[in-house]
Amino acid sequence: MDAIPLFFALGFAARLTRSDLKIPAQLYEALSIYLLIAIGLKGGMELARQDALHILPQAIAVIGMGLLIPLLAFPILYKLGRLDRFNAAAIAGHYGSVSVVTFAVGVDFLIARGVEFETYLPLFLVLLELPGIAVGILLARMGGDWRSIRWGTLAHEIFLGKSMVLLGGGLLIGWIAGPKGLAPLEPFFFDLFKGVLCLFLLEMGLVAASQAGALRTSGAFLVGFAIAMPVIGALVGIAFALGIGLSAGGALLLATLASSASYIAAPAAMRIAVPEANPGLSITAALVITFPFNILVGIPLYNVLVGLAYGS
Amino acid sequence: MRNTHPCKLVVIISEAAIEDPLAADVMRLGAHGYTVSDARGQGSHGPRSALWGADKSIRMEILCDGETAGAIVEHVEKAYFRNYAMVAYVADVGVLRPDKFQHKA
Amino acid sequence: MRNTHPCKLVVIISEAAIEDPLAADVMRLGAHGYTVSDARGQGSHGPRSALWGADKSIRMEILCDGETAGAIVEHVEKAYFRNYAMVAYVADVGVLRPDKFQHKA
Amino acid sequence: MRNTHPCKLVVIISEAAIEDPLAADVMRLGAHGYTVSDARGQGSHGPRSALWGADKSIRMEILCDGETAGAIVEHVEKAYFRNYAMVAYVADVGVLRPDKFQHKA
Amino acid sequence: MDAIPLFFALGFAARLTRSDLKIPAQLYEALSIYLLIAIGLKGGMELARQDALHILPQAIAVIGMGLLIPLLAFPILYKLGRLDRFNAAAIAGHYGSVSVVTFAVGVDFLIARGVEFETYLPLFLVLLELPGIAVGILLARMGGDWRSIRWGTLAHEIFLGKSMVLLGGGLLIGWIAGPKGLAPLEPFFFDLFKGVLCLFLLEMGLVAASQAGALRTSGAFLVGFAIAMPVIGALVGIAFALGIGLSAGGALLLATLASSASYIAAPAAMRIAVPEANPGLSITAALVITFPFNILVGIPLYNVLVGLAYGS
Amino acid sequence: MDAIPLFFALGFAARLTRSDLKIPAQLYEALSIYLLIAIGLKGGMELARQDALHILPQAIAVIGMGLLIPLLAFPILYKLGRLDRFNAAAIAGHYGSVSVVTFAVGVDFLIARGVEFETYLPLFLVLLELPGIAVGILLARMGGDWRSIRWGTLAHEIFLGKSMVLLGGGLLIGWIAGPKGLAPLEPFFFDLFKGVLCLFLLEMGLVAASQAGALRTSGAFLVGFAIAMPVIGALVGIAFALGIGLSAGGALLLATLASSASYIAAPAAMRIAVPEANPGLSITAALVITFPFNILVGIPLYNVLVGLAYGS
């Protein structure tokens, strides 16, 4: 069996049973810095091997997908779930953006099964980080008080948030340095990747369980949303993958991205841009339900859906 | 005590997410400096255990004159109390070089 | 200062090993919250340099009314002073929203 | 408050580089202990963001009697204020065991 | 020459000469998290290859050994050393439990010499972590005030202390995932192991030297105990190894476990369960004397003893 | 293209654009501990293969070079730049000492080009750490108030500063353990080296940019000095390399050492020994200008100079 969900489960169980296990805060940050750079480098290195003209239209379509998903999520939350505008918009923004670790687990899923995929997909990860957050913020401010927004702070928070800088910067470095320039970095950034990912999932399990108490107050609707929305997202992702002509492996990764919800970049941005929203709600949905759902159930499920769609 | 002059100490405990805007506000309102430490804790918004990014707190302390202290306290009350986990308090202390902490012109 | 109301600040510095029981006690005795930072130092039990697990200290501060402050100070004195490296002090401060720190019914 | 006795609290915020000499001085001047936390901040010497070694600050607090507090404040003023980024303040607090903090003979 | 004791010596010397060298606290925690998981994974992976029925009686005997050792140590400390009940019991508990790093050095000792051993021995490490601590606590409370014990807190502190969770959790994950599931984690968790161990020993040297001042006040008896007790423990370990039919390599590791004293799990548990005990005494004994004694002198000595016992 | 300057540039750009990217302080320390030990181990291992008698005269000459460079720098700063004695001496001390990371980049430069060099050069790195700092302090105190110096604290700060302990200790361990003893540490200390170096350069970029504001106040003279002095140093280094008979590769490394300025050991020592000096000036010069200059321009330039001097 694959070790990744086991590490998540260990962390989750440790916290639920109130073990004193803690991942030091700076280790958590070190692991996430490592993962973001490593994914960026890998994607950039593969990008260096591609024909940019071929990818451009795909990239534009993927950005469109990032704008679309929060627009699907918002009415569900606002009309159906009767959340106030701020919370509905903030949660929609989380689902519009993406989870880097979920993506990494998806990649690992394919590698373990020997399935091929477009190796430049980390580029789409980078492209999907921002549009969803931006739409979420606009939805929150519609018909409201635009002047109170600190646009400068906000733009910084989004465009120059650490996950964008590391992912985008890694991509750029990987692209410029190319496979030859990165060769001496392989033992560090590539060989250790999965081990580091396991440690990070241990921590994610701890964090998810520490937020699990919020489930009681967040209501059944939110739980349902956090399970249904990733499936909707995955279907959208598969449709786009078919539309832009990705392989089946690529389709699974795009579905994984579309289904995943951000719990690093989005919470930080929303805390500044939509402070009226209760961060507990979006974190419960994105991290306590959607994240483990995707890791444990979602990715295999989307793989089946991709199989149906691609007739394989 | 010999040598020390009365001064206000403002302490603000809040979410790490707003460290930078908070610091900018404090300096804008006339403080000459501030000091920040990492913190964790619990309050009306539930536990904040500093396990990960969104869960971190900071403790900021500002030495300043009474006027600035009033302005800071009033501003954070208006700008942050509603939407952020936060407490603030003010104490009377004695400092060595009072001019260092008087309101910036 | 305008807006601020008198309140007690209790500060406890002790071994990191008892952070959790201490926090539980403080909340049980009526506090609405507390804030913790990591610390190191020296005292009658010798140096505690936070080099490793058993050597770490914490600094906990609690804003509360006088009654709760008295209860906390009395309790830690009885429950911990004998066996743990620990100091505690109480100060008078001013807070913005006094109701936030009044004894829990 | 019942049980507590008046005591001075001296707080010194300065460069991490001088933590050890500062602690040695404080003990030599009669304090029985001190507590240190890591800090960052800004002041007349510009921002000190604790990004790296030379940029780190510390916050040291010392409970002691008035005499010792005066000696500490006077000494740091003379020995460090000119050449190091530093602020210091003194507050009145109440402690449980006053003998623990009285000047060492 | 092997690098492990050299790193310990470097840390010890640096601290004795008052160098400002410090291992950041969170790096120390990160290293120990890594070591605990890695050892657990390795053991679990090997366990997956074993016949559980074969190991069960051995495991029961090993737990018995864990209960026995503090019962041997206590009277020495209480009667001979005239320590009070609390301190005698707390120290006995430390010696009943085990040191993960000493075990790792023992494993390394065998690997460097090409000696075979039962690869599931990390299971015994996990099993030996708790019984000694539990006996120590019971000894402290005998004839005393049982009501003052916070049993809940205490049980948590012991069973769900971070070293149990990481070691036991790693074992479980290694066992479930098996050699195939762990293969992608090898570069991180196995190849880097010895390098990380060296860094950890550097830190242990620093910590041991920082506590060395306590030697002056702890008295000659404690020093003698901290040298004699590991040898007694090792003899017990060899006897049990013969009894349960371990190989000579396995016997050295069981002797190492029996001789070692805990300085991570036990101090944390005792601080809550037996706060009347002076933690300086047990740490001086376990970390300042027994730990370096085992690393530098003990393990080679026990190897000779095993040779005698096994007639090789 | 090589990834190293790209990581520095990423960090620099992130900070200039006020990204919230931060390298946690303890990760920074962990990386520097790793780099110092790794370089020391490598050098010590190579030293174990050498004939000490052959190296001794070289080593003495190198120490002489370390004493000479601050004596060249001081009059430039004091007379030409009209800095006060304290600042001139402190800056001279920074340039007399060396930058470990610049050295590592130089080694990497040679390896990437397949150029041979004397593998024991890390010994010279260790030898050059102190003399320059000592001369800087003496220059500051000349004709001044010697009594106010805390000699004890100061000697500790210098001889037992953490970079000396880790570098020197690593060298010693590598020398004693030898290639065979270090073999199991290779995956950790050698294979990961360049990846860790990249992360460290990311952080150096952040730090350099965070100090860049000081450029405005430090004046044009200091900027000019921080570009001219490394070139002067490199020329001195090449001359010494010729004198002691190093290969062209060794000459480049000695030039790199001579040109580099310390920003870890020297600032810490100067803050205690010459508190009257403004640390902002030396850090701006050493870290904001000289360090990137050496990495981006200097090392290739010195390589050309070495080519001219060695007629290759």
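Every chain is named by a letter (A, B, C, D, E and F) in the order it is written, and numbering of its residues begins at 1.
In the analysis below, a contact is a pair of C-beta atoms (placed from the backbone, for glycine too) under 8 Å apart; a residue touches a chain by one contact, two chains touch by 3 or more.
Computed from a predicted structure; not experimentally measured.
Q: What are the mutual neighbours of chain A and chain E in this structure?
A: For chain A paired with chain E, the chains in contact with each are F, in label order.
Q: Give me the chains shared as neighbours by chain A and chain D.
A: B, F
Q: How would the chain E/chain F interface be labelled, same or different, where same requires over half of its residue numbers to be shared?
A: Result for this pair: different.
Q: By mean C-alpha coordinates, which chain is most distant from chain B?
A: The chain farthest from chain B, judged by C-alpha centres, is E.
Q: Need the most distant chain from chain C, centre defined as the mean of C-alpha atoms.
A: Here the answer is chain F, farthest from chain C.
Q: Taking each chain's centre as the mean position of its Cα atoms, how many Å separate chain B from chain D?
A: The answer is 19 Å.
Q: How many angstrom lie between the CA centroids of chain B and chain F, rounded to a whole number?
A: Result: the chain centres lie 40 Å from each other.
Q: Could you tell me which residues belong to chain A and also touch two or more other chains?
A: Within chain A, residues 20, 22-26, 29-30, 187, 192, 268 contact more than one other chain.
Q: Note the residues in chain D that touch 2 or more other chains, in rising order.
A: 20, 37-38, 91
Q: Taking the top-of-page definition of touch, could you list the pairs of chains it picks out?
A: A-B, A-E, A-F, B-C, B-D, C-D, C-E, D-F, E-F
Q: Could you please specify the touching residues of chain F with respect to chain E in the complex?
A: Within the complex, chain F touches chain E at residues 24-26, 29-30, 33-34, 37, 156-157, 160-162, 165-166, 169, 172-173, 176-178, 181-182, 184-185, 187-189, 192, 268.
Q: Applying the document's contact rule, which stretches of chain C touch chain B when the two form their complex?
A: Residues 1-4, 7, 9, 23, 27, 32-38, 63, 91-97, 100 of chain C touch chain B in their complex.
Q: Given the complex with chain C, which residues does chain E contribute to the contact?
A: 22-23, 25, 28-29, 150, 153, 203, 206-207, 210, 264, 267-268, 271-272, 275-276, 279-280, 283
Q: Quick one: which bits of chain C touch chain E in the complex? Just the residue numbers, please.
A: So the residues of chain C touching chain E come out as 15, 17-18, 20-21, 38, 46, 49-56, 83-84.
Q: Okay, in this complex, where on chain F does chain A touch?
A: 1-3, 6-7, 10, 13-14, 17-27, 30, 108, 112, 187, 191-192, 194-196, 198-199, 202
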